[in-house]
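This is the structure I have questions about; it appears just below.
The letters A, B, C and D name the chains in turn, as written, and every chain counts its residues from 1.
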Amino acid sequence: MSDAVVTPLEGVFAPLQFPEPGAPRQLNYSVAPKMSADGSVAGDFLEVAMGPQHPSTHGVFRMDVVLDGERVVKLKPVFGYLHRNHEKIAENASYLGSMPYTDRLDYFCSMTNNWAYALSVEKLAGLQPPERAEYIRIITAELTRLVNHVCLVGFLLQDMGALGTPLMYAFREREKILDLFEALSGSRMMCNYMRFGGCRVDLPAGWLENAKQVVENFPRFLDDFENLLSANEILIARTQGVGALSAALAINAGVTGPLLRACGVNYDLRKVDKYGIYERFDFRVPLGDHGDVYDRYMVRVLEMRESLKILRHALRDIPSGPIMDPKAKIRGFRPKIGEVYGRIEGPKGELGFYLISDGGPNPYRYRVRPPSLINLTILEDMCLGRNVSDVVVILGSIDIVLGEVDR
Amino acid sequence: METLEQIKGRITAIIPGARVDLIPNECPSNQPSLLIDQEHGVRIAEFLRDDPQLRLDYLSNVTGVDWPDTIVKEKVKVMKLVEGVETEVHGVVERKKQGYLEVVYHIYSIAHKHGPVIVRLRTNDRNVAVHLPSLTPIWRSAEFQEREIYDLYGVIFDGHPDLRRILMWDGFEGHPMRKDYVEPDDYEYEPTPHDEVLERARSHQARNAVL
Amino acid sequence: MFEAIDQIFVALKHWVVGQFPAAWQPLGSVFLSIIPILAVFPLLFAITTIVERKTLGRIQNRLGPNRVGPFGLLQPVADGLKSLTKEDIVPYAADQVVHFLAPIALIVPVLLAFSVLPVGRNMVPIDLDAGLLFFFAVGAGSELAVFMAGWSSRNKYSLLGAMRAIAQMVSYELPLILSSVTVVMLVGSLSTVKIVEAQGEAYGWLLKWHVFTPWGLAGFLLFMIAAAAESNRTPFDIPEGESEIIAGYLVEYSGFKFALFFLGEYLGLFAVSSLAITLFLGGWHAPFSFLEWIPSYLWFFGKLSAFIMLFIWLRGTLPRLRMDQLMNLAWKFMLPMCLINIVVAAMWHFTAHWQFVGAVLCRWLLCGAAIGVPYLWLGDALFGEKKLAKRTYRFAD
Amino acid sequence: MDQGLRSELSKQGIFTTTLEGLYNWGRRNSVWPLQFGLACCAIEMIATTMARYDLARFGAEVFRPSPRQADLMIVSGTVTKKMAPQVVRLFNQMPEPKYVIAMGACAISGGPFKQGYNVLKGIDRYIPVDVHIPGCPPRPEALLHAFMTLQRKIDAQKLSGPERPRHLNTDAPSEFPVPKFGPHDLVPPYNPEVWQPPKMVRAV
């Protein structure tokens, strides 16, 4: 660590320095809070516990914040208020029995969660979903991405104090897509739709036409959104230069998804892993240059437009055919001994499942790689030296869902 | 990307004394892994991150796995006196296999867009020698995940900057993700006439009667 | 005929006061002035809450309250009843006395402020010579009340809220007063009644509202920004920013005390809006002389309703500023602009005798330039250097 | 006053009510929920307040972030053992009269996560629940129905007598004991005054 005295703002932008292995991690505090023996803070600092019940922690998340005036000098996230033992339950349930639980991980994006899990098990058991199922997966996953990003923008504006109006508009669009999901799977949020080697049911009659309708109408809404928000001076003033993250730190801290791409790192698993049939589609990956909240917002908005491109293409080209791999077994599904790590580009980042099979009907080890949790690693670094209003906005821009953070 | 054998060879060449084993994976996923030793764990990790050919700059996933003590039955041939004659007899010897906790790291490279390289670290046993080197100084993404493994499995990561419980509360005892953790008996089972379930339901009811 | 309708309330009051014995008449007159204030403005508050909720609903694509009474109009009654009967919690650690006094300390000055506001021709409770000064003096009491509330609750969020509130309100008091100084300069009186009367003259059929002059327009805009900040309305609702510090200084108030705070806040909003109307928008005057037959109080309350709708509209659309941005705006932008505006008002006053052809245009250009050039320059200096702008983005294939 | 006389009077333009009726009418129509989401159901709760379902029609869109100003606590989602003390504390901080809706299977019984070691098996173990809504998550319509059920329940409450609600009964508690963290479970595991484990009767 350098000995140079850094002003708080520089601390936020400081280049990444790797501490010596084993050395306690030092953070760039401008003023080190005076800690008393029992760990509480003495002096002119104010310790505030933001959460677990707080309007903008997006669920039951808590941040123990030490404030100097309103400036943050220390921030420790506290997790576990929604630790629902997903992994333990899954290790005692059959492979298929965990599928509904994956819906409840990141409860905005059940389809992508399903897909990540199905993909992992398919890798483990050597299954290959048929063409039509791959198309359906891409369509539902991209619709999920739209739902997630549009709601995120709404919540972000809510955190900035825009009394719900953007959120209402976002949820209006979300409802339209949820109607599609409901027609497909019977449930609005918890779709439980994908299966190992395919999908549960085929598309109902008329679904594709409805989906095309939604996709056709969506850009108009996005244009509205962009006209009203992207150039709004208050939004720009609140977000530009706030919570900037350097690419090196982002990579080292395992940040993924739109957060990473807002730092200018071109890493989209749809392009890198080419899972599913993504290489057939023509889409681009938007990249930001500053890594601040505004870039994250804009990267998400632009990603929605790219998703629409994929959707249009997929809805046009979807073939007919079976939706399940004939090799897939529903009953008595026992993969061979082995292990697998499968991952997809979820709307929030890299969503991975790590499974160890001991040859039995239950996974021996079932692990979720939660993008939300790992993206929170750099929360403190982004918030130090900023004030409380910024903390709320930065947290909003990370886009966490507590079901996934705590599992 | 290099194969794991090549990586293994380079590690052992560069870091003297490092023990690296290749763990095969026979299932269709074909993701073999490297078992590295505790003493050189951090050095090896640093090599993996900084080596210009590998540049594994992105640690995606850290997983704890619990392998409890197992009883291994082995067939052995023993010489035994049978009716005064020493003959070879097939016998079964039960041997306790020491369990251990394992931590699995899935590492990718964003710079070269390859991966994963899977690295494993194992503790010596499950209760006392549960120390492992922390890789958080190398990859910060391990910070919360190693805390989680400490919380749920009880692996103590030496060199972790802030090793506290993350999901459970501070006064919690035990490590709930271990295979032998006994959960508090606090819910009713559905009335299925299943032997084991019925037994648990009865004991639950008896406990509630005491309360 | 029109005049009779216009003066009906004044006449009524005089008639009622006349029924009193002579010794009691001053006291009766006072009561008859206070009661309408106590009746009208809280009623307006009740109407505003339902209108606000329904309008926000419309802005947000939904219906808003419509189940309680016809069209949901009884919603405020139900809310009031509920608030009245709700348990009142005083936190154990709170300063009991101050916690109790804070809502009262908010309501009383705000109600006092209404006593100098002319709501119609001859309809002002007291015509003080220093009416404007009185208004600002009692208006400053609300800062104290807010701070009392935040401090006495012994809650960290309320303390943060109180600190934010005190910083914000003190900072915006300055532009608020300085922007109204121009009016005092031009009218030559601090009396609100005189200020309104001064705007009653006409250029042809257009009345001489102050907002129709360059200094008045600038002063009005500055005043409105300061007024929004002063009454904690979006985008300046930082002291009670729900998403950041829960409810700010209100966080520990429950039941009727909370309702009183709510009432006080809305009354404060009405008071500054009324003052803006009085200072710049001709008070109870019609904009055109041929519309003067409509009763003056209707004009006043019509303008007030327009202001309320404006604030609701802002609330439904804008996000919130940050504390430091707010302070920058107050001290680095609003304050210099107010000072320049005083100079502009002086220029307008000293060019009043110009009689040559195109004099009005010439004066407008001169004064407009005097206020517009600093505006552009200041805005650029403040916000341009940070390079805040819409950005372009790269795409990777 | 009987119903006949009241309807006769109202025909002639005279509206009569009782104190009880007025009080319950006011409480019923101004139920402000606590802005408090726990898990998946919270999203459906938000969806209920949004344009398509619009909880605001009932005058209940005023989601107050501070428990001091809230009337209704919608326990929307899984209550974990780590969160349960906070939920009880929030409930204690709300002023009377206060109501609780347990939204979703998790809040009722632990739901799909019932077998978890960190999941509370129903919030009614610690605080009294007025309305339970099953579902995982319940649809917004179900929350609206629960809301109307709560309104009916308030309407039926008497101001006096043995059936009077908790907040009018000085003997009934307004605050409930907050559980503490034990080594494996919360201590106590439930509040016996509010909840008793059901007796299982089974023909063996």
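We take it that a residue touches a chain if its C-beta (ideal position, glycine included) is under 8 Å from a C-beta of that chain, and two chains touch if they have at least 3 such contacts.
Bear in mind the structure is a predicted one, so any value in this text is a computation, not a measurement.
The chain pair with more C-beta contacts between its two chains, of A-B and C-D, is A-B. Averaging the CA coordinates per chain and comparing them to the mean over all protein CA atoms picks out A as nearest.
The mean-CA centres of subunit A and subunit B are about 27 angstrom from one another, to the nearest whole unit. Averaged Cα coordinates give subunit C a centre that lies 39 Å from the centre of subunit D.
Inter-chain centre distance (subunit A to subunit C, centres taken as mean C-alpha positions): 44 Å. Centres computed as Cα averages put subunit A at a distance of 32 Å from subunit D.
Annotation for subunit C: residues 60-62, 242, 246 touch two or more other chains. For subunit A, the set of residues that touch two or more other chains comprises 54-55, 80, 83, 85, 88, 168, 172, 406.
Among the residues of subunit D, those touching two or more other chains are numbered 35, 50-51, 65, 82, 115, 117-118.
Those chain pairs judged to touch are A-B, A-C, A-D, B-D, C-D. Subunit D contributes residues 22-23, 25-30, 35, 50-51, 54, 56-59, 61, 64-66, 68-69, 71, 93, 95-97, 167, 174 to its touches with subunit C in the complex. Residues 46-48, 54-56, 67, 69-70, 157-165, 168-169, 172, 230-238, 240-241, 264, 266, 268, 271, 284-290, 294-295, 298-299, 302, 387-390, 392 of subunit A are the ones that touch subunit C when the two sit in their complex. Residues of subunit D that touch subunit B in their complex: 81-82, 109-110, 114-115, 117-118, 121, 181-185, 189, 192, 197-200, 202. Those residues of subunit B that touch subunit A in the complex are listed here as 25-29, 31, 33, 42, 46, 57-61, 63, 65, 104, 106, 110, 113, 116, 118, 133, 136-145, 158-159, 161-162, 165-169, 176-177.
Per the touch definition, subunit A reaches subunit B in the complex via residues 18-25, 79-80, 83, 85, 87-88, 123-126, 249, 251-256, 265, 267, 272, 335-343, 350, 352, 354, 356-357, 364-365, 367, 369, 373-374, 376-378, 406.
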